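One chain, chain A, appears in both complexes that follow, with chain B as partner in the first and chain C in the second.
Up next, the complex of A and B:
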C-alpha cells in the first residue's frame, strides 16, 4: 500500500500541473494569437485584397495593390528616404555609442552620472523630445541657429527647408538612439572574460594590441546585435518624423515608409494598399537581417 | 578593477605602458572627464532648454538673439498651460492606461512565464517558440489588422454580432488598454527569472500539500521581485511613451493620452512655445524621475533585452 502511493501521487501532480499550466497560459496565448498572430497573417492576406472599410467587405484583387503602390511616386520616394535615414542614423549613432561605452567602462567617479545623461533620451517619449527639438530648430529664435551664429554660420530654416528637413530629423534620431546602443555595448564590455586580458598582458601585448586583437573581436556579437536592432528600429521610426515634419515634411521630403503606411491606412482608409506597403517594409527588414547575419557571421551567442 | 584594466587600452591608446607616471594618469582622467562631460551636456541640453523655455515670458521668448536664462522666471506658465490645453486630462489618461498596462502585463506575463519555465506539459516548447516568434514581429506588420480587429470587436460601440456597423473599441478605454496589455518580451523575461529558482523550493511546497497555483502565487513569484520591478518599469515606460496606437484609435479629445495631446497641440498652435514646453515638461519629468529612482532595474531590463 505504502509503495503504491508514490507513483499515484506523482501522476496526480502531473495532471494538476498540466491543468494549471493551461490555465496560466491561456490568457497570454489567446492575447498573443488575437493581437499578434491573426494580425500578421491578416496583413499578408489583406495585401492581395480590396478591403472596403465602410461595408466591411473583402474582395480578392491579386497584385493590384502592389502595382498601385509602386506606381505611386510618393511611396517610391518614401523607400528612398527610409534608406537614407537609416544609412545616416545607424552608423553614426553606433560609432558614438561604442566610443562612449569604452570610455564609460573605465572605473571612475561620476561614470554613473555620465551614463544616466547619455541614456536619458531613450527613456523619455519621442514625441516630447521631438517637440523640444522642434523649438530648438526654430529658424530665428531656436538655440541651434543661435549657436551656429556664434561661429558665423547662417543656419537654414531646418524643418521648413526640403533640403534640410531630413537632416534635422536624422540629428534628433541619432541623439535619441545613442543611449540604448551605448548600454548594449557597455553590457558586452562588462561581460568580457578577464583572463584573456591577463594572458595577453603576460605575453607582453601592448594595450593598443589588446584593444584590436581582443576587445574589438569580442565586441563583434554585440555589434551584430546593435546593428540589426538599430536597422529594424530605424526602418520603423515614426514618432519623431510625424511630429517634427507633419504631413511628410516640406514637399514630401521626409516621407518614410512608416508614414506612408500610416497615411494610406488611417488618412485614406485604403487598408489593402497599406497592408501591401507593410509587406514591402517587412520584406526589407527580413532581407536586411539576412544580409547583416551573413556579413558578421553566424553568432550563436546572440539570439 | 577588472573593468579598469580592460578598458584602459581603449581610453589611453596613446600611452602604451601600464605602469605610467601618476601625472600622466591624472591628465588622462581629466581628459576623460572633459570628453564625457561635454557629451553629457550635449545630451542634456534639450532637457535643460525645455525647462528654461517653459519658464520664460512672452517677451523673453520673442527676444533676438534668445537669452540663455529667463529674465523673469515665470512659474505661472504651468497653471496657465493646464488651462490653455487639457494637459491635466491627457496626463490622467496616460497614467490610467500605463498603470493598467503594467498591472495586466505583470499578471499575465508572470503566469505564462511561470508555466513555461516550471510546469512540464506537452506543447510547452511549441508555445515558447511561438512567444519568441511574436517578439520579433515588427510593429508595422500587424498595425493595420490590429486596427481593423479593434474596430470590429462584436457587441461593442454599436457593432452587431459580426462586428459590423459601429466603431467597436475605437475611441474607448478598451481599445486603449487591452491590445497593448501583454508583451511577449515580458513573458520571456519572467520565464528566464523563474528558471533560475531552485527546484527544491517547489518540491518542498508540493510535499507540504500546496496546490500548483499556490506554489506559483505564494512561493515562487515573491522570489522574482527583480523581474517584477524590471517588467513593471519597462511596461510603464513604453506605455507612457506610446504614440502610434493611441493616435490611430482615438479621435476623442477626452481620451487623448499626453503624447497624442502634445502632438495635437503643436499642430494647432505653434506659437505658444512656453505652454508647449510646460506640457512637454509635465510629460517628461515623471519618466525621468522614475528612471532616476529605479535606474538599476531599467538598465538591467534594457541590457537583458540586448544580451540573452
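Up next, the complex of A and C:
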C-alpha cells in the first residue's frame, strides 16, 4: 500500500509546488506586463500613428513620424548632444572611478568615511544636487567662478552660455556618477587574488607593471558592466539637464534625446512623434547593448 | 487545549485576493458613482497654476472655505502647479481618465482645448461678462461665439526703467520709442575692463517669446492673418533685428548676462537701467529692494515704434467637458472668477484683477506697474489665435535664440519659424 501511495504523493507535491510558484511569480509577471510590456508595445504601435492625446483619437500614418523627426534639426541636434554627453561622461567618469577605487582600496585610517563621501552624490536626490550646482555656477558670486578668479581666469556664464552649458552639465553628471562606478571597481579590486600579485612581486614586477598587466585585465568584467550601465544612464539622463538648463538650455545647446521626447510629448502634444523618438532612443540603446554583449561574450570565451 | 486553527486554503487565498483586487478597483475609480446633474454633493478636482507659492496656497485655502459655506456639500481637491508644468498635468489627467473638473489656464489656451473637446461651454453671454470684467481679457475666453472661460487676472509685459539711473545720466524721461530705447541703452551701458557690469536694456530676464512679441507688435507686425502665420513679415524681422542689435551689434547686453527665472532681476540690483519685463516686477522690488519703491525709482514705459504695444496675458477659469458635476463645477468657476477672488488672486501674484470693480482699488493705485498697465490696456495685444498655438509657441524660443546667438539671420530664423508653424497648422487641420 505504501509503495502505491508514494508516487501519488510526489506527483501531488510537484503539482502544488507549481501552483505556489505561479502564485509567487504572478505579482512580478503582472507588474512586468502592466508597467513595462504594455507601455513598450503601445509606444511601438503609437510611433506609427498620429495620436491626439487630448481628443483621444489615433490615426495610422505609417512612417510620417519618423520622417518628421529626422527632418527636425532640434531632434538631430539632440542626438548629437546625447552622444557628446555620453562620450564625455562615461569614459572620463570611469577613469576617475578607477583611480579613486585604487586609492580607496589602500588600507588607511578613515577609509570608510572617504568611500562614503565619494558614494554620497549617487544617493543624493539629483534635483537637490542640480540646485546646489546652479548656485556654484552662478556667474558673479558662484564658487566656480570665484575660484577661477583666484587664478586670474574670468569664468563664463556657465549655464546661460551656449558654448559652456553642456560642459557644465557634463561636469555635474560626472561628479554624480562616480560614486557607484567607484563602488563596483572597489568590489572588483577586493575580490582579486593576492597570490597573483605576490608572484609578480617575486618576479620583480614594478607597481606600474602590476597595474597594467594584472589589475587592469582583471578589472575587465567590472569595466564592461560599468560601461554598459553608464551608457544606458547617460542616454537616459534627464533630471539634472532639466533642472540645470530648463527649456533645453540656451540655444538648445543641452537638448538631449530624453528632453526632446518630453518636449514633443508634453509641450507640443505630439505623442506619435514622441513615441517615434522613443523608438529611436530604444534602437540606439539596443545596438549599444548588442555591441557590449558581443564584447562581453568574447571576454567569456577567453576565460 | 489549543484552539483549532484552520489552515489558509487555496480557495480562501484566492477569495482574499479577489476581495483585495475588487477593493483596489473600487478605490481606483475614485469617489462616488456618477450623480445626476444638479445634485448638491460633489467632490471637485481643481488644477491651478496661480496659487502655487506658499502664500497663494494659504490664500486659496481660505477662499475655498468661503466657497464651502455656500456649497456645503462640495469639497474641492486642489492640485497646485506652475504654468511650466500645466500642459503635462492636463494631458496626463485627461489621458488617465481623471480630468480635472475645473482648470485654470492662460490666454491663448482656450481655442486648442475647445477644439479637442476638453472644455465645456459656460453658457454665459459676452455682454454679461463685459459688465463684470475688463473687456481685454473677456475675449480670450470666447471661441466661435461661445464662452468657455471666465477671467481671473491679467498680466502684462511692458517697459520698466530705473528713474535714478536715467537721472544720473541726465535723462529725465523714459524712451518714447524703440529707436530711442536703443540709443539710451547704449548710453547707459557700463563695462569695466570689457566686462558688462550694467546693461542699458535687459531683454533676457523675461521669457524670450514674451519679450519679442510686444516688440513685434510695436513694429506693426502680427502673429496670424486668416489663420496663417505672418510673423515672418518685414516688420517682424525688424523687431527681431532690434533685439539682435541690442545683444550683438550694440552690445547693450551680453547673452547670458541674466536669464529668465533669476532670483532677483538685474534691474532691481542696479545691473540694468531698463528692461522689458512683467508687471509683477513691482512685487519683486517690494520684497528685495523696497527702498526703490519708497524713493519712487521704478516706473513703466510703453514699447512703441509703429504703434504702442504691450503684451497681455491672463489666467482664466474653465469647466471640463467631462466633469461629473457640471453645476457645482460651474459654481466654482464663477466663484474663482468673481469679485471676491479675482482681486486677491491678482494681488498675491502682483497682477491685474480682471474684475472692473477692482480697477481703482488701493492695490492697483499703489502698484505703479499694475496701474501703468491698466491705464494702457487699449494698446494691449495677446498671443494665440489658432487652435495649434500651444504647439507653435514652443518653436519660438529656439528660433529667437538662433538669431540672438548669430547662428541665423533674423529673416531666416523667422522664415523657418513660420514654415514650422504652417506645417503644425496643416497637421492639426
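Everything below uses one rule, namely that the second predicted complex is superposed on the first by the 284 of 303 C-alpha atoms of A that agree within 3 Å, B and C clash if a C-alpha of one lies under 4 Å from a C-alpha of the other, contacts with A are read in each partner's own complex, and residues count from 1 in each chain.
We adopt the following convention: a contact is a pair of C-beta atoms (placed from the backbone, for glycine too) under 8 Å apart; a residue touches a chain by one contact, two chains touch by 3 or more.
No experiment lies behind these values; they were computed from the predicted model shown.
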Fit or clash - chain C, chain B, common chain A: clash
Touched partner set for A:139, first chain B, second chain C, both or neither: second
Residues of chain A touched, compared between chain B and chain C (which is higher): B
Contacts of A:246 with chain B and chain C, given as first, second, both or neither: both
Partner chain in contact with A:258 - chain B first, chain C second, else both or neither: first
First (chain B), second (chain C), both or neither touched by A:74: second
First (chain B), second (chain C), both or neither touched by A:157: second
Partner chain in contact with A:66 - chain B first, chain C second, else both or neither: neither
First, second, both or neither for A:267, with chain B first and chain C second: second
On chain A, the residue positions that both chain B and chain C contact, one per complex: 19, 23, 53, 56, 246, 265-266
For the chain C and chain A complex, residues of the former touching the latter: 10, 13, 84, 87-88, 90-91, 94-95, 112-113, 115-118, 195, 254-259, 261, 390-391, 394, 397-398, 401-402, 405, 407, 427
Residues of chain A touching chain C in the complex: 19, 23, 50, 52-56, 74, 139, 154, 156-157, 159-162, 246-248, 250-252, 263, 265-270
Complex interface listing, chain A residues touching chain B: 13-14, 16-25, 27-29, 31-32, 34-40, 42-43, 46, 51, 53, 56, 100, 102-108, 110-111, 113-114, 116-129, 131-136, 138, 140-143, 146, 149, 175, 178-180, 183-184, 186-192, 194, 197, 201, 206-208, 210-211, 215, 222, 225-226, 229, 232, 235-236, 238-239, 242-243, 246, 257-258, 261-262, 265-266, 271, 274-275, 278-279, 281-282, 285, 301-303
Residues of chain B defined as touching chain A within the complex: 1-13, 15-16, 18, 29, 32-33, 35-37, 39-47, 49-50, 53, 61-62, 64-66, 108-109, 111-112, 114-116, 119-122, 124, 127, 130-131, 134, 137-149, 151-152, 163-164, 179, 181-182, 184, 187, 206, 211-213, 216, 237, 240-241, 243-244, 247-248, 258-260, 262-263, 266-267, 273, 276-277, 280, 283-284, 287-288, 291-292, 295, 298-299, 302-303, 306-308
